[in-house]
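Everything on this sheet refers to the single structure shown next.
Chains: A, B, C and D, in written order; residue numbering restarts at 1 for each.
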Amino acid sequence: MDWSQVNWMAIMPELIILGFAIIVLLGELFLNSDARRSLGAVALVGIIIAIVSVIRLWGINITEFNGMFSVDLTANVLKLILLITTALVVLGTLKVKVTLGEGEFFSLMLFSVLGTMLMASATDLIMLFIALELTVLPAYVLVASKRDARSAEVALKYFLLGIVASVILLYGMTLLFGATGSTNFAAITNSLHGHSLEPMLLVAILMIMVGLGFKVAAVPFHFWAPDVYEGSPVPVASYLSAGPKAGGFAALIHLFPVALASAAPAWATFFAILAVLSMFTGNLVALAQTHVRRLLGYSAVAHTGYLLVGLAVANRIGYSSMIFYFFVYSLAALGAFLVVLATTERGIGENITDFAGLHKRAPVLAIAMAVFLFSLVGLPPFAGFMGKFFLFKAAVSSNLIWLAIIGVLNSAISFGYYVTIIRQMYLVSPESDGTVTISKPLYLSIVLIMAAVIFFGVYPTAFLSIIKL
Amino acid sequence: MVIPLSWYLIVSAILFGIGLIGVLLRQNAVTILFSVEIMLNAANINLVAFSRYVTPSVISGQMFALFVMAIAASEVAVGLAIVLTIYRNVQSVDIDRINIFKW
Amino acid sequence: MNDIITYIIFFGLSAVAIISALAIITRRNLFHAAMFLGLLMLVVAGFYFLLDADLVGIMQVFVYVGGVIVVLLFGIMMTSQMTNVRMVSAIKQKVFTILAVAGFVALLVSVFTKVNLSVSNAAVPKDTTSLVGKLFMTNYILPFEVMSVLLLAALIGAIVIARQEVKQ
Amino acid sequence: MLAYYLPLIVLVPILSFITLVIFGKRWGGKSAYVSIAAVLISLGLSIKALIDVLGGLSTKVLFTWASIGSFHITFGFLLDPLSAMMLVVVTLVSALVQIFSMGYMHGDKRYGWFYACLSMFTASMLLLVFAPNYVQMYMAWEGVGVFSYLLIGFWFEKRSASQAAKKAFMVTRVGDLGFAIALILLYVHAGTLDMGKLFAMHFAPALAATISILMFFGAVGKSAQFPLHVWLPDAMEGPTPVSALIHAATMVAAGVYLVARSYPLFEKGPASLEFVAVIGTITAFMAATIALTATDIKKVLAYSTISQLGYMMMGLGVGAFAAGAFHLFTHAFFKALLFLGAGSVIHAVHSQEIFEMGGLWKKMKITSITFIIGGLALAGVPPFAGFWSKDEILLGAYTSGHTVIFWIGILTALLTAFYTFRLIFVVFFGQPRADHHGHAHESPAVMSIPLLILGFFALTAGLLGSPFMHNAFQGFIAPGHEAEAINPLVMGLSVAVALIGITAAWLKYGTQLLPENIIGKNNPVYKLVANKYYMDELYQYVLITPTHVLARFVLKFDQIVVDGIVNGVAKATAAFGSGMKRLQTGYVQNYALFMLVGLIILIIWSFRFLGIH
């Protein structure tokens, strides 16, 4: 292999992230504790440079490294979403005391981001599996980073379930390899073309679905989500709520519609089932929650359900709508977590009732939270409405009317618990009157997200035309 | 090549199942890690067997198996670190005592 | 004659593998369980040799058995008592678990017995060791490098959460 | 000519909203001017739009908003007689309510926020009125719901207010679900949600009826029709001007507007119109009986609103499209008037309980006169506004052969006149019943002038659709539809029941309040008055007892069955959620087992599904 012929441009964003992960890590070793505080900013710079280099790859299709790594529109869009949301998390955490040394914390986060980016571009089973592990291993560590009983419990659960899911995924991959004789997606596509569905292949597909379903928290592989969202340090939960799922969805989009295209009718039905289960479980159980982050965890499960509708539709419009929805969902969910971060930083509890009268104590936070929750509900003119609209419309045009109706019904159910928070913030008197001050970077991050949620609700074309739908 | 491919697969399936039982039933977190190792080895047997029977001239299955070994090692490292944190906090690694978060 | 020996080796390996696997999940003594895990891994290496995957077998013996078992033993020593650990967790799902797993394995076995793959008779490459080395540096360079990053990340991660909290 | 000023009608209130969200707190009392200026600009432009429509203009201004694949979401500004009429009503009532609120909300600590919400509510409502397609309609519909929620819960310190806000939001969502499903079905079968295209298409009657009925569910929620009306009386917890604007004149009319706007679709499936008529009739009658027993001034008006909305639906349902729209138009004025009048009264006496009031006639002349004008309009006495429109609806029911509906309508008209004047006699006449009301006085000019303006419209708006003006309104709204000839029987009955109702109310509540020593004992007038006791007894057994029994029954039915079902569904859902959360046991091995079982079920099911054994 002649290395001068490798198109290094293709992997430039990943290299930048890797480079900054190592720089930040070294900073932890060599800098004094004051200088270390700025390592978050260094990480932020790295992410922004990576964003620029992703944009420079726009509209280019490259497959490199012996067909293991490919850059295409789906991968680029999802990487962009991942990087933007992670940048917002890092921005929001700049002035927050993180649970580890800054260098360790942010470098682990960047390693996880790197893994997710590689997942988004992986077009080989080996690559996909390694990238997945690179995504989750630092995430386990971040979840455990507080090192108290609660944090460790959640990390252990996340780790054990994750590793079981990984092993099942791996087993499925071995069967897929056996059935097709290759680990490369393109070769798998060719090998399966025109063949009928072997039982072993079906088992392989389902086991792979378990692994990736775990990653995106689809029912019944979702059990980690509420615990992790509730129990991990808030910055980590914020990070996990948004970007890292991009890897799972990218892998789903690359693997199922492309490599497993010939089995489409089968897996489309499976995704429809998972979508319905996730929507109902997430929304109904969220109704019974009192802890805001746990509620958001269940709501995340429900939103995975909505997102899987895009895969159940199994056509280009479906995937595009899914990506758009993923974008708007990530923004709103991340925003809600950052609001929780802002309140917990000031010692406000995390029960829904602790948000009582927030609009008096922190008007901007309350408005932002209301905007995020309304967007999650799918109310116009916020981005979530557009996302749901396109998603359900895609379902309707593929004759999955029942799925769309279940989706709409679930949005109606979800009102029940989102409104509880809004009601507490606006329609209940606060117990204490002290105003809540927020650090400037966190404030900036929240306001940026709020602006984006409104902007993409009013003018979704801005995103849709970028991703050329 | 006297032994049919499916025999290897069946042995691997049985090992996988035993590993699963261990994960689902053992009380001790460290034993659960052992059980995961059993399952990973089962998957690797599959890989090498498929590689030998389906694509003997290409060794991508073996490559995959080698990567899996490395991944298993890193998972064990992280897993043990987490188990250690649990132990420091509650002086036990009994999985059935770890139950703060629910519902 | 050769065939019969192969059969004997296969069944012997399989029997030892399954017995040691069962031992791992039933021993009350963690040290014994770890020893059986080592045995299992050696037996799996035997399968690899039987499948003409010499390098994978060697790696299994040297790296895996050595590395993983040692790490696990360290873990056992640091965390808890070695002997007489309670075996079955208090979570009541024993019967159902065994039924479910048995069903799952039966499902897999029934699928595998019916599997109809085109088995190739092509020759195995002679020098797999150098071939693997070459592949790592060429076709598999990306996963190889990412793997190294993964190991680095896992190492850092394991250290940062396992180290004792420094009292200020 | 393209009417490019149309977007401004919506845009100006939105700008006012944004400004007030940012500066409202700092500006405090001055916030009102921004909002009022904005709505006045909208009103001016709306009048211009109306004049343009009268000049024969009918237009659409469209913008493409977002597109995915070949699918485009457009939003736009549809101008036709129906929307022009609504524009003027919404902006006019909104302007008057906002001016009135300057007095009513004076000194409230969240003054700026109040006006911000009013601005945005107005904007959403205008966007809804303008909608040329159902996507925009649905979005504006939701927006209206959200701001209604915030305004009902405006005094959130009161627990009942925040509960009422939540209830209103959740109950209307139930209807919205039907609306959403209707839109999905429409899109599936027609491939578009543009109204113009849809109405020109052919639909099978059964399909059209299904879609229309589902769509009507949305209207049932928003317009507080049976059985989803339960939120409206509770919504009276909001500030009274809000009740006037939202829960009388505009938002609750959105459901009626939806049906009117989608009328061509409903006509394609006539069964749906029958459904609308029946629901409307049930609502009209039931709400009127409850209004008989209510003693809270706002609750009486709330039930009366529900009842009148029922009339509108009845009119649309029996095919009297123009009459339904006409009643929407007149009702907006006189009901806003009554609510603002009630606001003025509450402002003066700080109570909502009518039997604590009394004798306000002497102290609040303007309020009393305008309230009585509103009452006459509501009761359907000629020549006040409500008479003409209600008469048209009854006429429609009569001529279309809906005899039962017609008679229930007549009976409801009787009840309406009765409860309206019961309210008036108790509140404005007789002696004050509580001491602290003694010093009640007339409200300031910012409050009384809007009352006078609305009073003027309540008096005259009906004439637009009366035979004196050759049913100009109907010709305008539904050109080509021949106005019904005057039917002396219907008109006579309608006038008669209104007068009977008022008389009965006077006999029951008015006479008792007459001072006894004005007239000598042997005076024949006194004997007549004394004879009222016979009439009273007669009336007690013929009218009061049956209706009260009925009213009490309906109220109980309302509280126990209807409310119970609504709450029960919510409770059941929540209980189901609580049950399901038990799956999350906290034990990681349970979770792993669930994952495995999920996988096994999927595998087995897929083998079945694909016929593999």
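Please note the rule applied: a contact is a pair of C-beta atoms (placed from the backbone, for glycine too) under 8 Å apart; a residue touches a chain by one contact, two chains touch by 3 or more.
From a predicted model like this one, the values you see are computed outputs, not experimental measurements.
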Worksheet item: Most central chain by CA mean?
Response: A
Response to the item:
Ranking chain pairs by contacts puts first B-C
Worksheet item: Between chain A and chain C, what's the gap in Å when you average each chain's C-alpha atoms?
Response: 31
Discussion item. Nearest whole angstrom, what separates the Cα centre of chain A from the Cα centre of chain D?
Written reply: 43
Discussion item. Rounded to a whole Å, what is the gap between the Cα centroids of chain C and chain D?
Written reply: 71
Fill in: Inter-centroid spacing, chain C versus chain B (mean Cα positions, whole Å)
6
Worksheet entry | Junction residues of chain C, two or more chains touched | 89, 91, 93, 97, 101, 104, 107-108, 112, 115, 117, 140, 143, 147, 150, 153-154, 157-158, 161
Worksheet, complete the sentence: Among chain A residues, those touching two or more other chains are 126, 130, 133, 137, 140-141, 144, 147, 155-157, 160, 164, 178, 199, 203, 226-227, 288
Worksheet entry | chain B, residues touching no fewer than two other chains | 9, 16, 19-20, 23-25, 29, 49, 54-55, 63, 67, 71, 74-75, 78, 81-83, 85, 95-96, 98-103
Item to complete: May I ask you to sort the chain touch graph into line, ring, star, complete or other?
Response: complete
Worksheet item: Quick one: in the complex, what on chain A touches chain C?
Response: 1, 11, 18, 25, 65-66, 68-69, 100-101, 104, 107-108, 111, 114-115, 118, 124, 126-127, 130-131, 133-134, 137-138, 140-141, 144-145, 147, 155, 178-179, 198-200, 203
Worksheet entry | chain C residues within the chain A interface of the complex | 107-108, 111-112, 114-117, 137-143, 146-147, 149-150, 152-154, 156-158, 160-161, 165
Item to complete: Mind listing the chain C positions that touch chain D in their complex?
Response: 89, 91, 93, 96-97, 100-101, 103-104, 107
Item to complete: Note which residues of chain B are touching chain A in the complex, please.
Response: 9, 16, 19, 23, 29, 32, 36, 39-40, 42-43, 46-47, 49-50, 54-55, 58, 60-61, 63-64, 67-68, 71, 74-75, 78-79, 81-83, 85-86, 88-90, 95, 98-103
Fill in: Residue ranges of chain D touching chain C (in the complex, touch as defined)
585, 587, 589-590, 593, 596-597, 599-600, 603-604
